[in-house]
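Chain nomenclature is as follows: A, B, C, D, E and F, assigned in order of appearance, with residue numbering initiated at 1 for each chain independently.
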Amino acid sequence: MRPTPRISRFPVPALADLPDDVRARILQVQDKAGFVPNVFLVLAHRPDEFRAFFAYHDALMLKEGGLSTAEREMIVVATSAANQCAYCVIAHGAILRIYAKDPLIADQVAVNHGKADLAPRQRAMLDFALQVALRSGAIGDADFARLAEHGFSDEDAWDIAAIAAFFAMSNRLANMSDMRPNDEFYLMGRTPRPGH
Amino acid sequence: MRPTPRISRFPVPALADLPDDVRARILQVQDKAGFVPNVFLVLAHRPDEFRAFFAYHDALMLKEGGLSTAEREMIVVATSAANQCAYCVIAHGAILRIYAKDPLIADQVAVNHGKADLAPRQRAMLDFALQVALRSGAIGDADFARLAEHGFSDEDAWDIAAIAAFFAMSNRLANMSDMRPNDEFYLMGRTPRPGH
Amino acid sequence: MRPTPRISRFPVPALADLPDDVRARILQVQDKAGFVPNVFLVLAHRPDEFRAFFAYHDALMLKEGGLSTAEREMIVVATSAANQCAYCVIAHGAILRIYAKDPLIADQVAVNHGKADLAPRQRAMLDFALQVALRSGAIGDADFARLAEHGFSDEDAWDIAAIAAFFAMSNRLANMSDMRPNDEFYLMGRTPRPGH
Amino acid sequence: MRPTPRISRFPVPALADLPDDVRARILQVQDKAGFVPNVFLVLAHRPDEFRAFFAYHDALMLKEGGLSTAEREMIVVATSAANQCAYCVIAHGAILRIYAKDPLIADQVAVNHGKADLAPRQRAMLDFALQVALRSGAIGDADFARLAEHGFSDEDAWDIAAIAAFFAMSNRLANMSDMRPNDEFYLMGRTPRPGH
Amino acid sequence: MRPTPRISRFPVPALADLPDDVRARILQVQDKAGFVPNVFLVLAHRPDEFRAFFAYHDALMLKEGGLSTAEREMIVVATSAANQCAYCVIAHGAILRIYAKDPLIADQVAVNHGKADLAPRQRAMLDFALQVALRSGAIGDADFARLAEHGFSDEDAWDIAAIAAFFAMSNRLANMSDMRPNDEFYLMGRTPRPGH
Amino acid sequence: MRPTPRISRFPVPALADLPDDVRARILQVQDKAGFVPNVFLVLAHRPDEFRAFFAYHDALMLKEGGLSTAEREMIVVATSAANQCAYCVIAHGAILRIYAKDPLIADQVAVNHGKADLAPRQRAMLDFALQVALRSGAIGDADFARLAEHGFSDEDAWDIAAIAAFFAMSNRLANMSDMRPNDEFYLMGRTPRPGH
């Protein structure tokens, strides 16, 4: 039997030692997912940062808006791959497969979004997300105009950019802490598409 | 007289239209600084994101720890310059000059931290911060060892990385929104060093 | 039901129209794998190149030597990810999972080999493979010395480099032709490790 | 009191030891500026190179032509920032503020000329200057055509390119010699714009 | 007299020790060229790879098609220079001079194909070849459309890409093995163009 | 007969129309070399810049010092290749072959100085020259220490850096003006080494 691998370079607190609100949030996730994604345990090392991180996450990923939940996860997977963040590619790849009901899309987007099974709108969305991730200093009117051609409003552009920006932070925290993706993520959502 | 330039590509809410807590935070800053830094007005366009952003900012920049307030601002200036973020370089350059009581340091760090008037410890700190900003996928044990040689604990390393990561996000939001630095920042803290 | 997606930007020949030896090779693969990996169908558009391609492939991937079959596939996955080649990452990721009897390793290596569950020897092997893939002009004695520290002979170094070089070619052919990975690859080898 | 910092990695000659023409040039600058910019003292270590350097500088920066003096300094600041040259960004930033009568423009151009308070003509000028600085091998007819759209003649294009090229040299000399910007530059030209 | 320099980091087999078909191929080349290009001797260290390599080479370089022999060699020289491969630039530079009956073209293409004495069609061909060499993940419909504007069919595009891909491999093998270009190549084809 | 190709994107003055000193310098070169290298004609379009350019050139390339004339030309060829400057690689490649009395060295240095027939001292010299050409902002004490290990004084380091810096300028001027190398350069110095 394989020894349990380290999930962080930093100490991981026991649930019992955590502030009540942090522990409650973790138990709630565990209830829903059936396991605790390691990002919760790794960031619980710093409760104040934990609170702000997940408040920000929820403000971007759970809000209403012009992007579907699957599209938001596409942004996470594409930009996290560009940042070589194993945790976010593997964990959010699982979520993308589930939201998109598509067992293939996450691996495609992670390797090369330009070759993935995407609508032109989604390709434009990811082009912009990668510009935010990699060359944000060069963003200009032309980028917003290209998004508008694909039906994205300026508010949608903010959403795309803010998700790419939030995971620019998240990827760096995961890379710094050696955050390990849970084994559960690898297989989630990989059952073949119905009717295929 | 120059017309008031646009501070954001997005609508900027009137103070009166903001949720009470957001407005209170803005008024508090205005009281302390004598003006409202534009980042507050630009991000107030999205109150939930505003709240999470500043909660995160405060958790990193106001906490106790092994980094001085000036050192934290050095990280912001160096990484924001690497990301070509005018708002953060100019605004945090002002704060750095004030905290460091040094009218020269911010411009030096923004152009080339390797040539700036820094202690070896600070140079190592900024080397790591730029690694987080630009090549976080390659962070490894050797980076933590190098920080330790300069007296930085692992908790200090988290602080450095988390600040660089938070401003990786912040820089991208500012670049996306065309966030404009207030004119006030340019001159702040530029009076000569006493005894110089 | 999803329409059958295009597997190549170029015409794909019918089996019946192929030269006997090319058809025989394809039928043999189909027998063994249960399906025809698309690389065979896409390259069959050019029978002479097909023959040389697979002769070269077999000379590198089936030969005896100091690298295990799983290690060879690691080289393919790591360098193909660096070249953003969806076909090779996804198809050889499946083969890697099977040879390594490890459902996690391929995704880890594809995103960031420096954070993957690898022995130091394998990490050094992939460092060299990526040098071949991305900066071969700078290869020098120091690289061979580093491999030797991990027990790799000069012949092993040739093997690593030749595999990385062959897939430098293969990745470019796949990217040029829009070669599509078969749906079958995504799920292969993903069943949990026994005893885990 | 802070010790006088080193202005060069190389010996700095005493004025008395310099050839007459070199000393005369330095005294003339001191008369005009009120201090001796360090570039004169650092390069005086090599009188022949000093003479050629300033002859070249004057041929480009003092000549008549389609570029204003402020525009020439914008080119210096933008390209020197791309080359991480502290001396040139800080010294020529001061001169730019004075010529442009604008206390804000230098810092904006140094961080990201695409976000600076510039006319479209000036943005096109700096786009070309940065192409010369960073990717001169790819210059072609299209670049001259784009300049022409903004009213720049071919002679203006030469001026832009020659200034960017001269400071490509100057930046490398300053970076090699650890040339230190005089403290005086940081505050020059920073008084608020009249009527603002 | 200069000592004979090493032509490979690996052992170079004696002709007598080689399999008959490999030796026959080498003797045939020697007959034609008057000397044995070192690539034959260096790769003969691995006879199976030797056979596949030259079978592939011949399938691409000797086949009929829309590209002239000189154009194929242009692709080799331009992409090999981008990969810093001395063997391929110098050996195929010689062949290019001979096929093109032009003593100048090889050096021009090696340094900067955008400034070389080329027809627009050839420039477009090399633009695509370098995209294959350096950024193949971004190849898309627009690239094929641009080639079509210059009269290149999709089959021609495959030829260009396959040659660039094959030499992506070849360059990496040469760089890895320190393959040395024969002295004979440097002067071949350098006699002035008749009538010039 | 091939039409005379354009040697500059800008007007090339007739000798008769030039200031006396400029014309004298050109005639002197023609006397010595047997032809007028195009750089003289192209830059004569701007006599003041011409004068400063060649004064600077002579101050660096004709001075006494620790670098041989061949070593100075190696610096020019290696850095000009990195800048994709056809004029300087081809013209100074010729001069390098002549000064080094070596018909092979220039092509080797242009493609990959790390694989060229160089002494370790010369390799270290070119490593530093390329650092000046490509990453001068990162130059530091360690670079001077590495040069010292190979016997280079600080004054030699200045020479290396100043030559690399001067040709950083020169390469950009040549690339901007489409400066064409004279046909004569390609064959100069290519006769076999005596005794070889």
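Keep in mind that, in the parts below, a residue touches a chain if its C-beta (ideal position, glycine included) is under 8 Å from a C-beta of that chain, and two chains touch if they have at least 3 such contacts.
This is a predicted model, so every value here is computed, not measured.
Visitor: Expressed in steps between touching chains, what is the minimal separation of subunit B and subunit E?
Guide: Tracing touching chains, the least step count from subunit B to subunit E comes to 2.
Visitor: Moving only between chains that touch, what is the shortest number of steps from subunit A to subunit F?
Guide: Minimal hop count between subunit A and subunit F: 2.
Visitor: Hey, what chains does subunit D share as contacts with subunit E?
Guide: Touches both subunit D and subunit E: A, F.
Visitor: Going by C-alpha centroids, which chain is farthest from subunit A? Tell me that one.
Guide: F
Visitor: When subunit C meets its copy subunit E, do both sides use mostly the same residue numbers (more than half shared) or mostly different ones?
Guide: Same-residue interface.
Visitor: Among the chain pairs B-D, C-E or D-E, which one reproduces the interface of A-C, with more than half of its contact pairs identical by residue number?
Guide: B-D
Visitor: Rounded to the nearest 5 degrees, what is the angle of the rotation relating the C-alpha atoms of subunit A to those of subunit C?
Guide: Going from subunit A to subunit C via C-alpha fit gives 180 degrees.
Visitor: With centres defined as the mean C-alpha position, give me the subunit C-subunit D separation in Å.
Guide: So the centroids are 51 Å from each other.
Visitor: If you average the CA atoms of subunit C and of subunit F, how far apart do the two points sit, in angstrom?
Guide: Roughly 44 Å, centre to centre.
Visitor: If you average the Cα atoms of subunit D and of subunit F to get two centres, how far apart are those centres in Å?
Guide: Here subunit D and subunit F have centroids separated by 25 Å.
Visitor: Report the inter-chain centroid distance for subunit E and subunit F in whole angstrom, where each centroid is the mean of the CA atoms.
Guide: The computed centroid separation for subunit E versus subunit F comes out at 28 Å.
Visitor: If a residue has to touch 2 or more other chains to count, which residues of subunit D qualify?
Guide: Residues 84-85, 112, 115, 137-138, 175 of subunit D each touch two or more of the other chains.
Visitor: Quick one: label the inter-chain contact graph as line, ring, star, complete or other.
Guide: Here the contact pattern is something else, fitting no line, ring, star or complete shape.
Visitor: Okay, what are all the chain pairs that touch?
Guide: A-B, A-C, A-D, A-E, B-C, B-D, B-F, C-E, C-F, D-E, D-F, E-F
Visitor: Under the definition above, what is the set of subunit A residues touching subunit B in their complex?
Guide: 9-10, 45-46, 48-49, 51-53, 55-56, 59-60, 63, 83-85, 132-133, 136-139, 144, 154, 157-158, 161-162, 164-166, 168-173, 175-177
Visitor: Touching subunit D in the complex: which residues of subunit A?
Guide: 137-138, 140
Visitor: Can you tell me which positions in subunit B touch subunit D when the two form their complex?
Guide: Listed in rising order, the residues are 1-2, 5, 81, 84-86, 89-90, 93, 103-104, 107-108, 110-112, 115-117, 175, 178, 183, 186-187, 190, 192-193, 195-196.
Visitor: Okay, in this complex, where on subunit C does subunit B touch?
Guide: Touch list, subunit C to subunit B: 112, 114-115.
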